[in-house]
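Two complexes, one shared chain (subunit A), two partners (subunit B, subunit C).
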Partner chain A sequence: MRLIMKDRTHLTRREFIVKSITAISAVYIIPDIISKAEASKPLDAEVSPKTKWAINVDVTKCVDGCTSCVEACVDENGLYGFDRPETDSQWIRKLRIKDIKTDKVTTLPMMCQHCENPPCVDVCPTGASFRREDGIVMVNQHTCIGCRYCMMACPFKARSFVHENLTEQVTSAPRGKGCVESCNLCVNRIDHGSETTACEEACMKEGHNAITFGDLSEPDSRVSIAIKTKSSRRLRADMRLKQRVTYSGF
Partner chain B sequence: MPQLKKILAVVIMVFIPISSFSHDNEKHSLKGMSKADKLDQCVEPTEKMQKHHFEYLYHQRENTVEKGIRTKNHSLANCIDCHVSHDEEGNAIPINDEGQFCQTCHVKTAVNIDCFSCHASIPRDSLSRTKSQVHSRNTHIESTAKNLVEYYNETNYER
Partner chain C sequence: MDKIIFTKFIINPKIFWSNFFLLGFFMLIGFACSHYMELEGHHVTGMNNQIVWGLPHIFAVLLIVIASGVLNIASISSVFDKKLYKPLAPLSALLAISFLIAGLAILVLDLGRPNRLIVAMTTYNFKSIFSWNIFLYSGFTVVLAAYIWTMLDREVNKYSKFMGTFAFGWRIILTTGTGSIFGFLVAREAYSTAILAPLFIVMSLLYGTAVYYLILRVISKYHETYISKDILDNLKKLSTMFLFANLYFLALYHMTNMYIAKHLDFEIFILSSGGVYTLAFWLGQVIIGIVIPIILLNSKKLSSNMVLTSSSIMILLGSFIAMYVIIIGGQAYPLTIFPDHMIIESAFYDNVVHSYVPSIYELGLGIGGVALALIIILVGIANFKFLPTMISSPKSIDAVDNTSNN
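Coming up: the complex of A and B.
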């Protein structure tokens, strides 16, 4: 709202019309487009490398103290733990970084970075850790033997091991003792046509808009626009893992 | 004596196959009601399902995990959704509980299944979905629209 008011003071007639059309379409048309786009991948179609799921995180918008994305991930995937932070599963966590020179504090969400060259896939002895055609790096828990090599190989500490017997799993996120697990870009809901991951949705609902999810292969997707308009970088780009998760505003 | 052996052999040959497919042509009668109770046939002919359901499940699991195929017919989630029984209050009874759909046959045929150490044994929505259903649709659209407008203003992006 604040932004619209600010703009209105110096709008030309043409801009006013364009902006109102944008606003009206945002309220009435875009939700329709979104619900139509939900049918994009038919349920019986295989995922293809044409789709490139990605996330951009704008650290300047991430708010210190906010953990909405973490809570949303827990709720979405039923990651309820045992109040044992050392061993409880964590697919996304908040990091707090302090610049030693300026004392400037930055917080950012850290999850699986969905590398195009994932070290966790290289080390897995059973092929359970794999990269899906559309770029989602995940664990096939039917073949995971729980050796935890992948946890060791991941430079971002993105994976967790399930140490205890679980009950109360949700239907969309099967998980159990003896397997490794990590962020899978909400694969179940994405496959069923959702346009957004739980963490992005939560961040949007809070009004922070720090997380942007989308399909890189579509130039009009939210994440493509975000990457085009802001400079973004991969963490530890020197390792050449080509992560699909990028960070802006460092 | 050879006579006795023969009889024994016949008895074993007749009874073992019968007991390994415990519910041949026999309707399940379980505690509670399930959606499946009201249907004539499963996603494949009953005979086929009784003998080959695990093959369908294996096939589907590879397709789903590796290729992202989410068709319902042979998916475990859908089996559970349809076959889970509900008590009088409408609460789902875990499908692997004693006397329930999965468990009765597997006990009888001494097959130990491990599906439910990871998979939910009743249909269970994730909490974030339940929460957003509670959210009225209007506030959702409003907030999405507001976010999008802000987003377009900030990025100076015009369609």
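Coming up: the complex of A and C.
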């Protein structure tokens, strides 16, 4: 019996390694988890109806050939396609348009216009397409049945249907085959306290500052100032959808 | 004195089973296609982010429209008290229920997430006409089942007029709902008009009558079913009336669009410059689907049977093309996002007329749906007494009306 009893005063090599890793984990990983948990607290808080998220695009600053906003959106939301442009998702795209009367060519980004009266929300049979109190129009990926009626209803062709199996989703942007998706104003970033969307950040980094995001309810927010300093318009204003995305300079 | 005696479909078992297995085979192919589309995703179909509704929707909407329309015969019998059609009424309700189930099956199996049907059945957005249609469609099957019961069971036969009237009202609202799926799409120039609802109603009346007649013809090949001259003459008159009504609403729809300045470009597209869509409209929807049937139905040279059979086939062909024009043509025309500008470059096909080539899987699903409808009808008439043995003149039916239902 004495022979098989372990001497408890000394650690074996295996015990040493296990305990060392546990200690390192406790020191480095747990505080990180706690800080993340703290950061995610706003997600539990109700969205305030006082907040009015909006985007203004100054088309005079939007540079022809620049697609940094599109690339940033792809990276932020993991929108990696399959080289099938007809079925790959696009949350934001660049357009070149020509004035019918003056022939003036303009380039601009086009994304979900986050309407206050969104047709996509009206037609969705399950309520998966919804508008948050703060104005963000998005799709609940858990209740979307993939009927695509919202895509039929959207006047701006802002929505995409996920046509195939996805493997490279990012945790901040849940996506799945058979559901409809569109720009959600980087809702995950915003809810974690960020004050900018991926597209605005990329546009600023390029030094173009064509895209301005912010809270319209705050008079001093970047977007409020942008709208005050330059008159803006909504696309298809005749439809009275009261979009939160406005365009200046054309 | 003739009696209406309803019987089961008496047919050689070999013919029954060969038809059953043939239809079952197509039905299984339909399910297999749907399963493949679900596994691989919709990129294997011809549908994309431009043409979001394709061939499955053509089949589904057409079957639902037909489902409402084939109830004509029962409605005329119960609601408008036309004794002439009384022997044909139960079959009419069976066809309605079968086509509705088939249309819905296609619609559900084409969803991106058909496994979430339970979500669609339990979570509603009552501002959506789609939500209302879920109630209207599922409710219609219940109403039809009750209606069939009142027609076939002597003890509850006294309620058949009430149920017939109720079903008639329900089907009008149902087809209004189906037309409004498109009518309420305010962003698209092809739709966005309430006229689509009555247009869909007259289309249902026309297509339903044609389908009913064709199915009755097929049944009468195997089962002794004499269709009297009165019925044939009456069906000819009805079909002609529905054709003119269809033409009227179709013209009104396009005239309205032409009058609305912002819809004018779409009208020019569909009526003159839309290539395959323009051809489909004029040749398919108008000439094959309306003009030729009108000429045929008023022909004095052909026999009534011949006239009704050929015109019904034409109407059915035209109905499919009409759905193609409405559903695909309506989406093919690009959205007008900038009324004062022209889009000269886009990575998302904003500036082009969209093209659509359906895949074999969509066709398989559609044909599978039609097979499902036909198999329900086959099993239904083989197991329940839906078929009259003698379809005779109205006077003699009047005389025995109170004692007739067996």
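As a convention for this text, the second predicted complex is superposed on the first by the 204 of 250 C-alpha atoms of A that agree within 3 Å, B and C clash if a C-alpha of one lies under 4 Å from a C-alpha of the other, contacts with A are read in each partner's own complex, and residues count from 1 in each chain.
The rule we apply is simple: a residue touches a chain if its C-beta (ideal position, glycine included) is under 8 Å from a C-beta of that chain, and two chains touch if they have at least 3 such contacts.
Worth saying up front: this structure is predicted, and the values here are computed from it rather than measured.
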| item | value |
| --- | --- |
| Touched partner set for A:85, first subunit B, second subunit C, both or neither | second |
| First, second, both or neither for A:204, with subunit B first and subunit C second | first |
| First, second, both or neither for A:170, with subunit B first and subunit C second | first |
| Which superposed partner A:153 touches (first subunit B, second subunit C, both, neither) | second |
| First, second, both or neither for A:105, with subunit B first and subunit C second | second |
| Footprint overlap on subunit A, comparing subunit B with subunit C | 165, 177, 179 |
| Interface residues, subunit C side, partner subunit A - complex | 38, 40-43, 48-50, 52-53, 111-114, 116-117, 119-120, 123-125, 127-131, 134, 181, 184-188, 262, 331, 335-350 |
| Of all residues in subunit A, those that touch subunit C in their complex | 70, 82, 84-90, 93-101, 105-106, 110, 119, 121-127, 143-149, 151-157, 159-165, 177-180, 235-236, 238-239 |
| Partner subunit B, residues of subunit A touching it in the complex | 1, 3-4, 7, 18, 22-23, 25-27, 30-31, 34, 41, 43-47, 72, 75-78, 130, 132-134, 140-142, 165-166, 168-177, 179, 187-188, 191-192, 198, 201-202, 204-205, 207, 209, 222, 225-226, 229 |
| Residue ranges of subunit B touching subunit A (in the complex, touch as defined) | 61, 65-72, 77, 80, 117-120, 123-129, 131-132, 141-159 |
